[in-house]
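Next, two complexes with subunit A in common: one pairs it with subunit B, the other with subunit C.
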Partner chain A sequence: MITATAGMPVGDTATGLPRLLPRGGQPEGWHAHTARHGRLPYRGHAGDLIPELSAAGLTGRGGAAFPVGRKLSAVLDAARSRRRAAVVIANGAESEPASDKDATLLWLAPHLVLDGLQLAAEAVGAEAAILYTHANRRRDVGQRLRQAIAERAAAGADRIAVELAEAPPRFLSGQETALVSHLSGGPAIPTFIPPRVTERGLGGDPTLVQNVETLAHLALIARHGPGWFRQVGTEAEPGSMLCTIRRADGTPRITEVPLGMPLRGLIAGPDGQGLLSARAVLIGGYHGSWVPAAEAMGLTLDNHSLAAVGARVGAGILITPPPDRCGLIETAAAVRYLALESAGQCGPCLNGLPRIAAALTEIAVGRQRRQTQGDVERWAGLVTGRGACHHPDGTARFVRSALLTFADEVELHKQGRCSGTSKKPYLPIPRDSARTEEDWI
Partner chain B sequence: MSGINSSTALWYASRATGVVALLLITAVVLLGLLVTRQGRLPGLPRFAVTGLHRNLSLIAVVFVALHVLTAVADGYVDIPLTAAVVPLASPYERLWLGLGAVSLDLTIAVIVTSLLRRHLSRRLWRGVHLLAYLSWPVAWLHSITASKDLQHGWLFLLAVACAAVVVIAVVWRLAAAARDVPRAERVGHLMSVMHSRHRMPERTGRP
Partner chain C sequence: MSEKLLVNPIECAGHGACAELLPEMITLDEWGFPIVDGRPIPSALERDARAAVSACPTLALRLVRA
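Let's look at the complex of A and B:
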């Protein structure tokens, strides 16, 4: 396991990890980048890279794990059949408040992402490339990227110009159709599918949207080949991924791990303290699932293993709150945030999420009525699959897993008691919510 | 008033289909207003209201066509077929039949764009569809001016009633739209209502 604690990754020669983040944890400039990875291996012809990506089995690292080769083929086919040049968008709008892996990657290794963006653009024959990120969260990523683009211009590395775009600070702004809507000058709200953005995206052009980490992997597969990529990970889910791990102290640690790695080691931490204290693990962030720690210990970090408990790897977020926090209070606060981040355009989400959040608050503060829990279950079922995007689905999954995992705690709350002893909020939750349409643009 | 015979049948048919067409387009406009507010009719699911709006509009077109064709076919007054679509082309009641032609042209535009809707952008379709709000008053004016039938008695009351319900429905539509909560504020609005009962102050609350 390779850990970048506060930007200090350590090497592991056995697995060759980390592949993406520079060892030493210092932001990598153009020279350090080319010294580590070499120059961009352009293929010289659209489509040539795609079979290699399919052979590598690379999937999207933004959470949905869609096969990258297939997405690129779809965009290339659409571009050819409609005789329109494609657009490539690197999605660095990491809106999940608990995640920090994309921002860390962009901060430490921006050139790897920009390499991937150029190579993906070549692969689908794109004539425009955009890098879409949130504004400064803790670091000035935008400034870092402008500097990196200037370095590349001086070195003559890029074949097409890269435009930087800023995502509004909304939970949904990184959602594919919301992103296209925002870049088209509208609010960052999801739109109905079809049309898929791979067919008709930005300005009606076939549009490839890839997470920034996915592009970084793509840049390395282009250099080292599919066989190298498959040296780590499982047969079905090869490669490595960046994870954001938060243990009892709440500090995010960005770690690059092979898929299929036992969760035990990730939860335990270097000193093994996590094993003793953890009661439950939140896998996949606020659209993810709570899993009892005892169950999580026997699982591995891949969708095949996590499916057994109804969880998914998602964007690689693993959170183990300290034992003095109440899982219900923490979940209620996060669900309240998710409800406030509903775009307010689909009825089930608009009407359902605030109700679910209110009911969870009732449970969390020990004021639940006889029907409250039944209502939550019913509403969770009613909102699932009924939005333009998966916001209601992900929220419902999160809520259901909390009621299941913290069932004992729910009983305790019914009696007016709570096992949480600390009043300090643990899960990171942004303070601001949208008030006007401007906040979505 | 003379009775119906072979020489007046077409004339009466034209007037009768005209009245029915007015009732139908009034119903279509009312249903359209209801659809824009996602309203329901008792006992009907929401999609059925939209379906009724569409199908009634097509039936209305049939009645308008009958109304026009019988008027043209009737030989007592000289109305050329072109007068159906070209305003002021009829020597008989030039201005009032012209209103009918204008209304029919607008209706054709609305119907054709709706039939081709899947090939058009939403903005274009909607822009043309809004012409219905112009088409209906013009048709109504045509109804009460082109013939004396609707100027007195029960049919006059019927025409006034049609105008009244359309005006009321439009006012209701505008008032409802004015009460709408903007999209970005909807969730906050609901949250403040929903969460006023149980606050979780500063997330510190232990039960």
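Let's look at the complex of A and C:
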């Protein structure tokens, strides 16, 4: 396991990881980048890289795990059949409050992402490229990227210009259609599908939106080939991925691990502390699932394994709160945030999420009525699959997993008790939610 | 060619006309928004389905290829 926190310049020769993050945890400029990876391997023709990406089995690392080769093919086909040049967007709008892997990647290895953006643009014949990120909470990622783009211009590395764009600090900013809406000059709120952005996205052009980590993997597959990519990971889910691990102390640790890695090692940490204390693990962030720690210990980090407990790898977020916190109180706070971050466009989400959040708070504070839990379960069912985006679905999954995983705690709360001894909020929740339409622009 | 119903939940304002005209395939949830049966429309209900689509004040309901 390779951790990118400062002062841990470790590597693992058996797995060849880390692939993406520079060892030593220092940001990598153009010279260090090319010394480690070499120059960009342009293919010379649109389409040429796509079979290699399909053979590698690379999937999107933003959470949805969609096959990258298929997405690029769809964009290239749409561009050819409609005789329009495609647009490529690197999505660094890492909106899950608990995730920090994309910001870390952009901070430490911006050139790998920018390489991937150029190569993806070539692969789909794009003439415009945009890198879309949040203004980072702790680091000036925007400044780092401007510096990297200037270094590349001096080296003559890029074939098309890259424009930087900033995402508003909303949970849904990185959702594909919301992103296109925002870059078109509108609010960062989802739009109805169809049309898919691969068909008609920015300015009506076929648009490729790829997570920044996905583009970094793409840049390495272009250099080393599919066989190299498959040296780690599982047959069905090859390669490595960046994870954000938060153990009892709450500090995010960014780690690059092979798919299929046992969760036990990831949860436990180097000193094994996480193993002793964890009651439950939140896998996949606030659209993810709570899993009892005892069950999680027997699983591996891949969708095939996690499907057994209804969880998914998502964007690689693993959170084990300390045992002095109540899972219901923590979940209620996160769900209140999710309800406030609803774009409020779709009736079921607009009506259901605030009710779910309020009912969950009743359960969390021990004021639930006889029907409260039944209401939450019914509303979770009612909102699922009925929004223009997956915000209601993800929220419902998170809520249901909490009621199942913390079923004993629900019973305690009914008796007016709570096993949590610390009231200090643990899960990271952004302080400012959207109040006016301006907050989405 | 068989068709199915598709509701655009962003456009839908919960008027409920669709559920009155096609109760066999559309019911309303407790907030008045339609729960649409997404299976292919049986030929016996095609007329009513078209009526429901036409009646939507916000043009949120449409028929698409199943």
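The rule is simple: the second predicted complex is superposed on the first by the 437 of 441 C-alpha atoms of A that agree within 3 Å, B and C clash if a C-alpha of one lies under 4 Å from a C-alpha of the other, contacts with A are read in each partner's own complex, and residues count from 1 in each chain.
Just so it is clear, a contact is a pair of C-beta atoms (placed from the backbone, for glycine too) under 8 Å apart; a residue touches a chain by one contact, two chains touch by 3 or more.
Note that the structure is predicted; figures quoted are calculated from it, not measured.
**Q** Sharing subunit A, do subunit B and subunit C clash or fit in the superposition?
**A** Subunit B/subunit C on subunit A - steric clash.
**Q** Quick check on the superposed pair: does A:S342 touch subunit B, subunit C, both, or neither? Answer first, second, both or neither.
**A** So A:S342 only meets subunit B here.
**Q** Pick one for A:A434: touches subunit B only (first), subunit C only (second), both, or neither.
**A** first
**Q** Quick check for you: in the superposed arrangement, does A:A388 touch first (subunit B), second (subunit C), both or neither?
**A** second
**Q** Scan A:T361 for contacts with subunit B and subunit C and give back first, second, both or neither.
**A** After superposing on A, A:T361 lies in contact with subunit B but is clear of subunit C.
**Q** Quick check on the superposed pair: does A:F192 touch subunit B, subunit C, both, or neither? Answer first, second, both or neither.
**A** So A:F192 only meets subunit C here.
**Q** I'd like to know which partner A:H413 touches here: subunit B for first, subunit C for second, both or neither.
**A** After superposing on A, A:H413 lies in contact with subunit B but is clear of subunit C.
**Q** What's your read, subunit B or subunit C touching more residues of subunit A?
**A** Comparing subunit B with subunit C, the partner touching more subunit A residues is B.
**Q** Under the stated touch criterion, which partner chain does A:N351 make contact with: subunit B (first), subunit C (second), both, or neither?
**A** So A:N351 meets both subunit B and subunit C here.
**Q** Touching A:H217, do we find subunit B (first), subunit C (second), both, or neither?
**A** Neither partner.
**Q** With the two complexes superposed on chain A, say which partner A:R312 touches: subunit B (first), subunit C (second), both, or neither.
**A** neither
**Q** After superposing on chain A, check 1-9, 19-27, 37-45 or 73-81 and name the one in subunit B that bumps into subunit C.
**A** 37-45
**Q** On subunit A, which stretch or stretches are contacted by subunit B in one complex as well as by subunit C in the other?
**A** In subunit A, positions 345, 351 sit in both the subunit B and subunit C interfaces.
**Q** Flag every residue of subunit B that touches subunit A in the complex, lowest number first.
**A** Interface residues on the subunit B side: 182-188, 190-191, 194-195, 197-200, 202-207.
**Q** Touching subunit A in the complex: which residues of subunit C?
**A** 8-14, 29-33, 35
**Q** Which positions of subunit A touch subunit B when the two form their complex?
**A** 187, 189, 326, 329, 332-333, 336, 339-345, 350-351, 353-355, 357-358, 361-362, 364-367, 413, 416-418, 420, 423, 425, 433-440
**Q** For subunit A, which residues are in contact with subunit C within the complex?
**A** Residues in contact with subunit C: 190-192, 345-349, 351-352, 382, 386-388.
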